[in-house]
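In the two complexes that follow, chain A is the common piece, with chain B as its partner first and chain C second.
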Partner chain A sequence: MSEQTPQPERSGPAIGADEWVARSGERARQRTGIVGRVQELYERVPKPAVFAFVVLLAVLVPLVTAQTDNDIYFLRVGTVALVFALLALGLNVAVGFAGLLDLGYIAYYGIGAYGYAFLSSDKFGIHWQAWLVLPLVVAVSALLGLLLALPSRRLVGDYLAIVTLFFGQIFYIIATQGYRISFLGLNEDLGFDRANWDLTGGPNGIANVDRLGVFGLEASSERAYFYITLTAVVVVFAVLTLANRSRTGRAWRALNDDTLAAQAMSMPVNWLKLLAVGVGAAVAALAGTINAALLQGAFPDDYNTQVLIIIYAMVILGGAGSLAGAVLGAFVVSVLMLEGLRPQTPIGDFTGNGRWVFYATILVVLVAAIRPWRRLAAILAGIVAFGVVVHAMVAVTTDRGTDGLLNMGPDEYSGGGPLGWLIRHWLALPAGTYELGSRNWFNFALVGLIALVLCLTVVKGWKRDALIVPTVWLAGFVWETRLAQETSGPTRFLLLGALLVGLMIARPQGLLGRPRVEIV
Partner chain B sequence: MLGVLAYFQDFQLTWSYFFDQLVAGLTLGSLYGLIAIGYSMVYGILKLLNFAHGEVFMIGSYIGYFVLTWLGGAADPSIPVAATIALMFLAAMLGAGALGVVIERFAYRPLREKRASRIAPLISALGVSFFLQQLAVLLFGSAPKQYDAFAFDGGSLFTSVTIGPFRIQYMQLFVIVTTVCLMAALTVFIARTQVGRAMRATSFDLEAASMMGINVDRVIVVTFFIGSVLAGAAGVMNGLIFQNVNPYVGFQVGLIAFTAAVVGGIGSIPGAMLGGLAIGLGRSFSIGYVSSSYQDVIVFVILIAFLLLRPSGLFGTPAPQKV
Partner chain C sequence: MAQPLLELDNVSKAFGGLQCISHLDIDVKEGEIVSVIGPNGAGKTTLFNLITGMYRPDSGDIRLDGESIVGLAPNKITNRGVARTFQTLRLFLNMSVKENVMAATYGRTHASLFESILRLPRARREERESNEVAQEKLSFFGQRLMGYRWNQPAYSLSYANRRRLEIARATATKPRILLLDEPAAGMNPVETHEITELIAELRKQGGYTILVIEHDMHVVEGISDRVVALDHGVKIAEGTFEQVATDPRVVEAYLGTAETERK
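Let's look at the complex of A and B:
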């Protein structure tokens, strides 16, 4: 995460603030490294052409895939990524355009899902048509978004953050506790049939939700959902692109840059804030409806704070304020982190992708961050040599399989294929590493790794280069000893949390966002 | 109508029940107040909503647990009970304080130096909070760790003393007294010492303070340290009261404590303490008289009510926005 963009202002106020602001355009154009070159190429292509090309590509994906299990899994990953893209687009309105930290966003997603589940499932025996439910749920959610932002409208953005965060929590509490609602013990008097009224199904959620359908036509295949979600993403993307260019979009950006100045320019600041939250809520509700129909159920754990963090990571990684960035971020995080890190896929037979994703990401970050290539080559050689030397030293001093070295044969290709074999000869893994519940040395290594990474951000020059070597080795060690086995749980969120902090420090504009100019 | 009668009969509408709730509320309130001070102090100086503060509290609670285990557990501590508790507090406070300083140094200071946008530190804070939470899951496991009850003189910390209708556990007495002591120490520190004066000046106007020769970075470090020390103490108290600690406790309690800071008037230290007490009492009475599932909803309603009616909180002064 130690990507280096030239930051002249870091070295202190060499030039005055006014001049610094005046040169901002120059700095923004200044492109360096591979990321910069790719960006430059990308910018030469007209935007609508890129958009049409990507959409065409997405349309073709389900057509070329046959109906094997692997393909179905592939398609499902695509649909889930599209749902996340929709969510990221919606969050981008509040966070990216208007600069409001809306932490209750996940609740609107949940409201969409639960709203659809209430109105078209066996739960209450109501089976409304999707074209009726969809606008209703979206409108209700948008209205709730407006209402919720109302109390915090005259206050600074931080209050909005805390009110909305709390709102998200409340939603989750109601979703998990709402299966035994007791109106002060008066249920019978109020005409309910039971003392504990069941609204949300509690932790088990609502199952058997209807599929999306219009006039008797029902979407039942993976392909249909892929296309429905794709359509939603394309429409929302187009609408938001236009909105961004409109008067309101410009006003949002002005709000983001300087609320006070926007107000002085007689912009309806409060209304704009409410609108941003409301639009985001509407998009989230749409995503929620699709998700409920896709999973044929609404389950509370799909709508908790952890999912919120995932969506935030997507928007921030893609670059807050950039719609294409939001979609890109959604795909990167969803495909690589949520699916790629899975130890085993639910359908199909992809296994052990996590290892490739992990080491490839480290390599990509090193390549992108370290220049010139001579330095990079030296560091990579150092990493390999370091591992081999440590492995040899441990192999000499301790017996294989006792406490020093992994108890797997030196020529065994099973655990992880050739890559796994290579890694085992590079790392000195303790005995019992791949056994369930074994975590020898893991805690110390993890704390040590965090300390090393923190040190990396402080030291400069050759010391940093030297420090990268043991850091990468230790990262590999930590990954193999435990993280790889926890990829569906804590590992994912640990990495997401680190990603958020690292991005904010190293590259706040994300992949496709524009560097922000802070006017002092 | 029978239902209504039954409903009221369910509650022991007695003074002793009321006092029980009151004492429990004061205890909880002390806890929230201690954490809220950390939020409030940091916000007062940096205008930063430090989401990670709750996680510092959680780590403090874990440190207390590990010291307790290291000393042989509560049932059979290898040194006297008072010394064990003192050591737990000392280790948790220092550990949490160090963690707070590390967080400030590595997650917030780089952003400050870069003059990042206003939303950046918030997202960074969110990331730190999640990182620490999941780190605790990985290092300590997601299952709660049990703090055992101390036993001494034939009773335990949960034995009650009764004074008329008024009943209080040793534990609750201990928490309230400790909080009062810490508060007194903090007040003296802020009011009397040079560093305290620097903190007040920085909180009043960061830029002006730095022009007056105050080392603002050091003041911020001290602020984070003190806030985190108090959170660490609250962590041990939380462990002793609820007798367990889990990785998610920081997020839940942190959210409530932040609400306490808002209710009290963010930036104000006595406000944070009073806000904590108000939220603690509100929660305790809602558990005692309404329902235990929806205590957080009650806190939320209090928050919204305050934002609507008195956005600057109990003690805050509406700050005119400077251009």
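Let's look at the complex of A and C:
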């Protein structure tokens, strides 16, 4: 190596050859103290071992849960999260690796589900076995991905997003309106029995879809679906990891960084883009097939833009380009946020999870965003002290200003145990918090909270630190008086959005993502 | 006479009303180092973009080894043996130094995605070869891009090292002709001197034919077998450095004429 070094011997400092200087960026990123030591230990563990450990944990989940109704719900949440993990992994190929803003992704998910429903249900009287349908649906979806990407292959950024969003919407419209398809009014002449031919079942979708089965064995328990989906996630994760390390994976990442340079360096960028969309489409179709078998039906509203945005949230929160991040993002968003913020389980049990999710997220954001720890400690102490002082002042000046209880369920208001005691002595909840008349009054608190959050984005330095204190307190107040009651429907998604914004501010590159540099 | 490796035959290119290149003929013989000089806006980088297929000429023909490459996609042209660096650095900033070079071996390798995932023999062999290519091309610059830098992201490199990495990346495509777009731009005198020696070394070791755009006349003087001077897309002079540097039209293009000043 040294023989072919062309540079001449020269005295004085060698430019660009100082290792200490070159590594300053790495050193700045390194943590010290306990966090740093834990990080160092973790980095020493080989990655396949971490992977195997996580898979093992997931395998154990159905074994430790008994077969009560609540556990079955719990397991279903896990399976749904795994389906989302599959979707996030697939989306990561186009978005994270190749950097293509593909908003038509949801269509491939839907094609997988409807494809399986067409070939394994009473809809057309076809009942093919899963081992036959699955590869067929996946292959058709991948091919369709290639075809749909073909007209948009030269587009980048916003333009690609618009065109692919259009594809996604076309799929949704076909799914919802596909129960009255008319072939130019010639249905009867073409041999169809009705004037309006029913393909997709319209808004009602296709019900009574067969369960997954192989050679007469049929997967019917929640456990079986959990394991099937887990297997799919593990296989797809391994496949995409290997793909990412291959020449194709490198080429995807290269065209993400600089398409023009990638082409000049011998990479056929148009083909690579098609391939990225196609691979993602195959994974999405696999997820769709599993979802249709799991729900025993294909319904259009599972495949609309709202679901697409949630999958995007998972990929971006986890860190675009990181496969482990996509899986983690899927779990955080679907288990912790979508399910956690649900006030009731589908079988009617009230869960107090929303409260935990809400306070935990605020705490995580504060811990992640505020350095050094002394400042963090001061702010946390300030938040506690602020609440206690306000509580004391309200208790002294008003009659029943701190007698409020906590919302513990649809019709239940109580002390809420030790945590409830803490919350009631930190917030000043007036008596009759949940009486109909008083709730309008609390809207002012919500308006005040929005104003405070807006102020937070403007001020800097110690003023911001000081402002965080009343903001967090007011957020807690708004949660207990208004949001804890309303975490179904749109409010849940608004909260999800707010929590995601908070997390992304604290960690812009995503949970496991690496910070990207665009132009230096 | 031997056939030139690269041949531009009466090439013209206009953007709207702006004639960037007009009726340009340039021949580059195998093993030659040819410098292209000219004031800003003379059409030098456009010339590179035409050769590498980023733009398509309005008229005329560009031949590599006697075969026309007009209308081919840039990646196809690179596969035929034309590689370039960029004046405004265009590295894959978020990939490691090694991966930047390995990515450029795409055109020389053929394993499909399927083969790569299953780790079939061809994929494994090509992966090993790409790794060796990266090692070989990067060690050309001594220790500057080796060792601990190997796995550092490209954005952590200094400006001079980024220029070196661009050259390493271009040579990894296994080119016959290298197009270097201002390799010494933004470098200090020591580094500029180094680049001069490096370009000669590239030809000696890699056997590349080199077409280089350069503003630094010391570099041009030091490396060129032949110099082509452009102004407003027209070739105004061609020959050895001395011939071109003393050509009145070149002096006029750079400095203007006494008459023009008087007006």
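Assume the second predicted complex is superposed on the first by the 373 of 520 C-alpha atoms of A that agree within 3 Å, B and C clash if a C-alpha of one lies under 4 Å from a C-alpha of the other, contacts with A are read in each partner's own complex, and residues count from 1 in each chain.
As a working rule, a residue touches a chain if its C-beta (ideal position, glycine included) is under 8 Å from a C-beta of that chain, and two chains touch if they have at least 3 such contacts.
Just so you know, these numbers come straight off a predicted model, no measurement behind them.
Enquirer: Chain B or chain C: which reaches more residues on chain A?
Expert: Looking at chain B versus chain C, the one contacting more residues of chain A is B.
Enquirer: Could you tell me if A:N443 is touching chain B, chain C, both of them or neither one (first, second, both, neither)?
Expert: A:N443: touches chain B, not chain C.
Enquirer: Looking at A:Y159 after the superposition, I want to know if it touches chain B, chain C, both of them or none. Which is it: first, second, both, neither?
Expert: first
Enquirer: Using the touch definition from the top, say if A:L260 reaches chain B (first), chain C (second), both or neither.
Expert: Both partners, chain B and chain C.
Enquirer: So, A:L500: does it touch chain B (first), chain C (second), both, or neither?
Expert: first
Enquirer: Going by the contact rule set out at the top, does A:V93 touch chain B (first), chain C (second), both, or neither?
Expert: Neither partner.
Enquirer: Give one of first, second, both or neither to describe whether A:V239 is in contact with chain B, with chain C, with both, or with none.
Expert: A:V239: touches chain C, not chain B.
Enquirer: After superposition on the shared chain, which partner residues are touched by A:A251: those of chain B (first), chain C (second), both, or neither?
Expert: A:A251: touches chain C, not chain B.
Enquirer: In the overlaid three-chain picture, which partner chain does A:T457 touch, first (chain B) or second (chain C), both, or neither?
Expert: After superposition on chain A, A:T457 lies in contact with chain B alone.
Enquirer: In the superposed arrangement, which partner chain does A:P508 touch: chain B (first), chain C (second), both, or neither?
Expert: A:P508 contacts chain B only, not chain C.
Enquirer: Indicate the residue numbers of chain A shared between its chain B interface and its chain C interface, in ascending order.
Expert: 7, 10, 260, 516, 518, 520
Enquirer: Sort out for me which residues of chain A touch chain C in the complex.
Expert: Touching chain C: residues 1-2, 4-8, 10, 15-17, 19, 22-23, 25-26, 239, 242-243, 245-251, 253-254, 256-258, 260-269, 275, 279, 514, 516-520 of chain A.
Enquirer: For the complex, which residues does chain C have touching chain A?
Expert: 52, 54, 73-75, 78-79, 83-84, 86, 90-95, 99-100, 102-109, 111, 113, 116-117, 119, 123, 126-127, 130, 139-144, 146-149, 152-153, 155-156, 158, 160-161, 169-170, 172-173, 188, 190-191, 194, 197-198, 201, 205
Enquirer: Can you list the chain B residues touching chain A in their complex?
Expert: Residues 1, 3-4, 6-7, 10, 43, 47, 49, 102, 106-107, 110-111, 113-124, 126-135, 137-139, 142, 251, 255, 258-259, 262, 290-291, 293-294, 296-297, 299-300, 303-304, 307-308, 311, 321, 323 of chain B touch chain A in their complex.
Enquirer: Which residues of chain A touch chain B in the complex?
Expert: 7, 9-10, 95, 99, 101, 103, 151-152, 154-159, 161-163, 165-167, 169-170, 173-174, 177, 180, 182, 184-189, 260, 305-306, 309, 312, 316, 320, 442-443, 446-447, 450, 454, 457, 482-483, 486, 489-491, 493-494, 496-501, 504-505, 508, 516, 518, 520
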